[in-house]
């Protein structure tokens, strides 16, 4: 109980301080692009109405969820394959590195050629960014699994599938989870980016619209919302992380 | 059963070639219990890993049942010197012991029985639900032994398996291994640095030289099939054999 | 001979040349300023122009607001939006205008050859690509549909960047696309056809875009602003008189292929902002509810 | 550990085992396959060569570009923005990551703030960047650093957490100074994570450098891409993307070489070295 | 020097409390060499970690030089049971041994000399540039010992430090420790499961009971300061003490 309270205090402490600092620093600001925080907060309530949540925020989050889930699944699957099969690793590396370096603003039109302009495209854009941290971390994790554990699996002839699921996957899981944590924030960013193209609604679309129509306080409120969304998702993620990797974390926090 | 012919291993160390094992040839018959002793760093672990199909020899071959070893042979169990690292930290003790059984086509109940029995044999009754890192060093080592025992291998390769347990437990485990061996007719290759142990356990003791390693001596232990911790060890035959092995090891170290 | 004053800010050098930075979008519309620089219309007024090519208003308007740019190029609706939101911007010179002739304008709503859409009214239930939502494209298209007795409320506007329109149109992801040159020509080259001339429909000789600055600069240095306006006006006149020069100069700052350059429809470059058309755009925007507060056209215009 | 590990049981073969194909060759084969797919795909009805030009057409456009001085200047500008941004992001991310990661209270106190700031897209910051730094290099740098920094930070934070408990006890019992513990325990443990972070950040920095140039218009490859895009010059646009991609590949080669150097001890590298 | 008073440790295991050590009190005088033996899993490592200030006791205290231990006391060196994991894999053997010397204010040359000497003493001459994973198990363990030796601690805590080395090397290392101890006057607490070793090395042997652990016996080893592997071990006094310790351990296990 005490520790829960402590955790909560720690979680809100710094944001509260920063928020207060921002509030004070921006109070009375006349800069068009840096309005007072009080104005942004007032705008927040007005902007993000129930209607907006239904029409913009939730569909965006749904796309984010779909794209994120797809990236994690694909990243882990590909990563296991590439990490275990050495020739495949060498053969695919340059091509993947190439694909990684293509910026979304030029990638999206290409994706639109293949995936149209609907939700499929937006999910594809999210995947195009979220995939990499998961993939890279999975490959790195697979390749750094404790050699004695691999030897154990080999000695008992666990077989490919079981070695993969019972040894390699859990062995690499701390890295995989790191990749997924990375991907979470990138997913939010790409959710916004995807809605800069061929969109009619969505959280990112709304923010871009505010920016274009010079509704600057509303734009800031959107950025705040993105931050809150990211922090909320990260909190959820941490819970999942603690549950899945409890053997990993407990070993490390037990007595320290 | 196990036929080692002119086997040797060179490691590349910073560009230079380090000959760990020069050439070794020996034969272990079906149902035999052979102990291997030798100075620290002479290549016992290397040899074991080559026999287990985990390491490719630089020259020569190991063959199990007449088939050259190029991967872990079926029905082999290995207890690694690095017992701590060979346990999977994401599995509880019970699951660690059970894992190799999963591909044997046993029912869940059979597996559970085997696990419980193996843990009982190594005096870890009721520790199924503990995590490996909640165990003491000796308990971890016994878990690794339990895993091999539960597997009921045809060929059991053990690398200093009792190094981390107290004297009394060690004696118990020695008797356990001899019992399993004589009851189930398995073939055992047992690496140890405890001379008394090698004499007490083995039908034959192979003494390795310092690197570049060759076979220094092969000592037949004619103590008969029935051995007893008190009687056998206190007999004059035991003392003589013990002295013989000790002499060889000292000579091996001196020659280095 | 010019002595370059240090950039950023455009303070008048004493008796020297004013270095002026201008944020533009590298498209057909800004050809006159390139021509004007080439012809020395700015140099002769002691202005040395440095152009920065940005992708759109996201960078240009804040750039001007921060006085990183002294002048910027933007479409009228965007400027109305900025003005209504309280950003002190002022138009200083005309930029580009519709030719005012249906069938011969530089922007139109295009459909593929086999499209069932024949008239603007048919767009009422269609998906139409515009480069930016709640901006000049959709407000004028709605007007086209209204004029053709259609109901614009059912149009599904979708944001697609101009360069992606030909591909999206031919892929069938949108039913129609509001394209400007050179993309209009590209669609035509593939057999597409225009169904609505939204600029023409919105107002006669619609002013589409203009050069603007901040009220602050126009108050602090009215002389510079005046000279800049004159230079632009002269450049626009030159462009109007020498369409071939316009087509040529496109080759220097864009990658438009020579055959398209030869074929594309040039916009009009009148020297003066058409005040009535700006007011019309403001009305259209207000009707569509894109402004938070009604824009003040008087404050915006010079 | 095992130098030449047997993988799974292979069918037995007498005679020498086949020599492994060199990695470079495999990589080249992969690239060739991708280029070939790029050549053939537009010839099928799946995509229209006007919008997705064939490899041949793109390479021809690329050859044109390579002969132009402006192209090289643009490339140089992009590389400067990229390298400077990446250097700042990696240095700041690694230093802060190690610091925050090794001080549990600081870690707990900053976690929510980090998670709040991370998902804010760099592109949404464009107007602010322009406002603060204009359209020149610092603006691009701000966006590049903002995006790349988090990638490094998150990796390093996870890396520091990975310290082996026994190694941590060892360090404690040796009474290493806090500085030594950072340098000899936290840093090496986090290094494999950091390398992945660098690889992620390197491409993110490149992507952002190009994107920022594209949107803001500061000179560089991105600006060239924007010009090609707004002119409908698909071949040239893809040629420039090819260049960006090739930069990514080159960056990766560099990071791999660095990895082989600094991670020589790590199972992921030491297994390969031999 | 080391004063342990009523120390005890409870571990929380899946919510339940597991009393590893009930209560232990003993004193180790300055310059004394004390061996601790006890059944596997009785809490030897736990005790050592509490004395080293690495683990907070649940009750009671440990004090070094009269100061209660709440972190590793200055001048203490620990050799961990998990020798393999206590070596830093990113440092070569030489650097691993040198690490603790870095804060002692020695010159580079002095450090190098100490490292070379320590490695020579554990028979790892010339292995400075090897990586830990290029060493055999026994060599890794000797590296960990060399690190402690090079540090020249006032208090040396060793947890089964010779478990992985062959008999001859073990004898050599035993003599090395006795030699360092008598020459430098350091205080040594030595955990072992080898009864002969405990008698041969120690001035006193503490025998722990099975968990919940208490002190089972404290046996004074009156073999005098000069000991010899052959003579001392073959004498009747040694045999008697040996039997005594053995009996206590057996009793400890039986009582469990």
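Order of writing sets the labels: A, B, C, D and E. Residues in every chain begin at 1.
Basically, contacts are C-beta pairs under 8 Å (C-beta built on N, C-alpha and C of every residue); 3 or more make two chains touch, one makes a residue touch a chain.
Worth saying up front: this structure is predicted, and the values here are computed from it rather than measured.
Peer 1: Show which chains lie in contact with chain C and also with chain D.
Peer 2: Common contact partners of chain C and chain D, which must touch each of the two, are A.
Peer 1: Just to be sure I understand: going only through chains that touch, what's the smallest number of steps from chain A to chain B?
Peer 2: 1
Peer 1: What is the minimum number of touch steps required to go from chain A to chain D?
Peer 2: 1
Peer 1: State the pair of chains with the top count of C-beta pairs in contact.
Peer 2: If you count contacting C-beta pairs, the leading pair is A-D.
Peer 1: Of all the other chains, whose mean CA position lies farthest from chain E?
Peer 2: C
Peer 1: Relative to chain B, which chain has the most distant C-alpha mean position?
Peer 2: Taking each chain's C-alpha mean as its centre, the farthest from chain B is C.
Peer 1: How many angstrom between the C-alpha centroids of chain E and chain A?
Peer 2: 48
Peer 1: Let me have the rounded angstrom distance from the C-alpha centre of chain A over to the C-alpha centre of chain C, please.
Peer 2: 38
Peer 1: For chain C, write out the residues touching at least two other chains, lowest number first.
Peer 2: If we look for residues of chain C contacting two or more partner chains, we find 58, 61-62, 65, 161, 163, 167, 171.
Peer 1: Give the residues of chain B touching no fewer than two other chains, as numbers and ranges.
Peer 2: 11, 49, 53-54, 71-72, 82, 85, 133
Peer 1: Which residue numbers or ranges of chain A touch two or more of the other chains?
Peer 2: Residues 33, 113, 146, 148, 151, 154, 157, 196, 211, 251 of chain A touch two or more partner chains.
Peer 1: Flag every residue of chain D that touches chain C in the complex, lowest number first.
Peer 2: 48, 50-51, 126-128, 130-132, 134-135, 214-218, 223, 226-233, 236
Peer 1: Okay, in this complex, where on chain A does chain C touch?
Peer 2: Interface residues on chain A, with respect to chain C: 32-33, 109, 112-113, 116-118, 196-200, 205, 209, 211-216.
Peer 1: Under the stated contact criterion, what part of chain B meets chain A in this complex?
Peer 2: Listed in rising order, the residues of chain B that touch chain A are 49, 52-54, 71-72, 74, 76-78, 80, 82, 85-86, 88-91, 99-100, 102-103, 131, 133, 151, 157.
Peer 1: Considering only the defined contacts, which chain D positions touch chain E in the complex?
Peer 2: 1, 164, 166-167, 169-170, 172-177, 180, 184-185, 188, 191, 265-266, 270
Peer 1: Where on chain A is chain B touching in the complex?
Peer 2: Within the complex, chain A contacts chain B at residues 146, 148-149, 151-152, 154-159, 162, 166-167, 170-171, 173, 247-248, 250-251.
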